[in-house]
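Just below sit the structures, each encoded as structure tokens.
Here chain A shows up in two complexes: once beside chain B, once beside chain C.
Right, the complex of A and B next:
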């Protein structure tokens, strides 16, 4: 009877495909111009949890056929949102393809939870009329 | 003073919606959904863009909204806005304060058009109706009376 060789101490387990997909999806989405933040409500929220990992703003769930459905929950600027969602999908699909996980990626649902509108900045007091700078003390003009 | 306009419930749906960049809300690549808060915010911003709209919401909502926005909570842009959002369509209820002297029907129609245009353009949802209640009129000077400094003391 052959004995199994002693195993090396277990290194930290690599993240699962599900967690990798979650990270790739939210990181790619946040790079798209028009996306501001993942949606982080005060209570609850949408996240993907793995072993010691917590990825906010994205849900990744297994579907039949070994693929994962991705759901992104985003806060965006006031821009046309369907087009923005398509750009997010393009970016996520590209990142997932480069990571070699394209065959695991299912549909990407994008939910816009809130908008951020840049508020007009408060009116600043006008600068005083331009006048020649005061000479340094002790400076003597010719 | 409170006046109710009869400008409620006009159908404003145009085309098939999904005009936000010509991208569909549902495709084989996944669905795009829009939360109620997004539609409320777009509607509130769009309504305030129309000249003649002074404020939004009922008296209590304006008082509470003014207080909460001063202390940094709440969002006065969704004040006076109620929405119902489906997968492809949205319906909007607005409560407005209009400046005295403006034509309420004209302002209401302009608000209705602008709100529908903005929601369809930004969210891709088709707007089925925009119901408007004119809750109050604003007279210029109303705010000054609220912010007048207290009278000087009569005795030293």
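Right, the complex of A and C next:
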């Protein structure tokens, strides 16, 4: 997740529920084993802006009834995707409940924007820790 | 809407290119001869009545410069500009990429983009024993859940097709298992006569 601080000092107002939900959702999703990164499209999008912050990889939109629809845009490893999405949802719902925002949480949609190869087995030489997992050859995120 | 514009722009491009090809053919044919008779360019100009057309266009352009044209002309001009812009949109804007929807409920939607899903399937299928190469087509349903993934697994003639099929199916379980709406169809293939596998 990347959060860009505001250019000018932000007002002291606390972040809105929308931004809090976005932060909680993406932070929780990234803790799930199998999720690699939030997806950052080259032309922008897939992000939530508000209260001077920019939370990428998640869109949070207001819905009727005072709830927010959450959309997660993720890069994942090659694992059973429906099961992974369910784990992500469970993790996000748990985090939101603990933060006291459960009544504001609507449907959580998970979209896998990219899939990367699994971690190398212990027999193979490990990749440098700083390099991100390589996408499949020839893939370029549009 | 974007699909309609794309289809329309493709149709217009086809018609215009065909007309251009026919015009080129006619010009080439009428370049064979010389003079003003037979297969000559002046003869082609006479056939097409280009002198009359030149006069008509000249009159129109003169009226346009003088501001004596009627409102209908302005309307048709504006419509032509609008149609041109729509055709440009149809040519330049690609439709949104279809995604494979794996689940959709009140809890939300689970989806995966088509291209990375296909690449992941290809990578997994190629790990199956005896598979030399793979060709994968991911076909999400236009509406609704799921879709189909076709995997053609190329293998050598020595490999048993049934074993290859079973191996590919097994290797894909790690990705698409538990998806009832997702059908994976594997097809062992030696690549036909003369094909080589490495």
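What we mean here is this: the second predicted complex is superposed on the first by the 106 of 142 C-alpha atoms of A that agree within 3 Å, B and C clash if a C-alpha of one lies under 4 Å from a C-alpha of the other, contacts with A are read in each partner's own complex, and residues count from 1 in each chain.
The rule is short, and it goes like this: contacts are C-beta pairs under 8 Å (C-beta built on N, C-alpha and C of every residue); 3 or more make two chains touch, one makes a residue touch a chain.
On a predicted model such as this, the values are computed, not experimentally measured, just so you know.
**Q** Chain A superposed: clash or fit between chain B and chain C?
**A** clash
**Q** Check whether A:89 is in contact with chain B, with chain C, with both or with neither, and answer first, second, both or neither.
**A** It touches chain B and chain C both.
**Q** Identify the overlap between the chain B-contacting and the chain C-contacting residues of chain A.
**A** Residues 70, 78-83, 85, 89, 107-115, 117, which sit in both footprints.
**Q** Chain A touches which residues of chain C in the complex?
**A** Against chain A, chain C makes touches at 97, 99, 102-103, 106-113, 115-117, 119-120, 122-124, 174-179.
**Q** How about chain A: which of its residues touch chain B in the complex?
**A** Counting only chain A, the residues touching chain B are 70, 78-86, 89, 93, 107-115, 117.
**Q** Residues of chain B touching chain A in their complex?
**A** Against chain A, the touching part of chain B is residues 18, 20-25, 28-35, 37-38, 41-42, 45, 77, 121-124.
**Q** Which residues of chain A touch chain C in the complex?
**A** Going through chain A, the ones touching chain C are 69-70, 78-83, 85, 89, 107-115, 117, 135-136, 138-139, 142.
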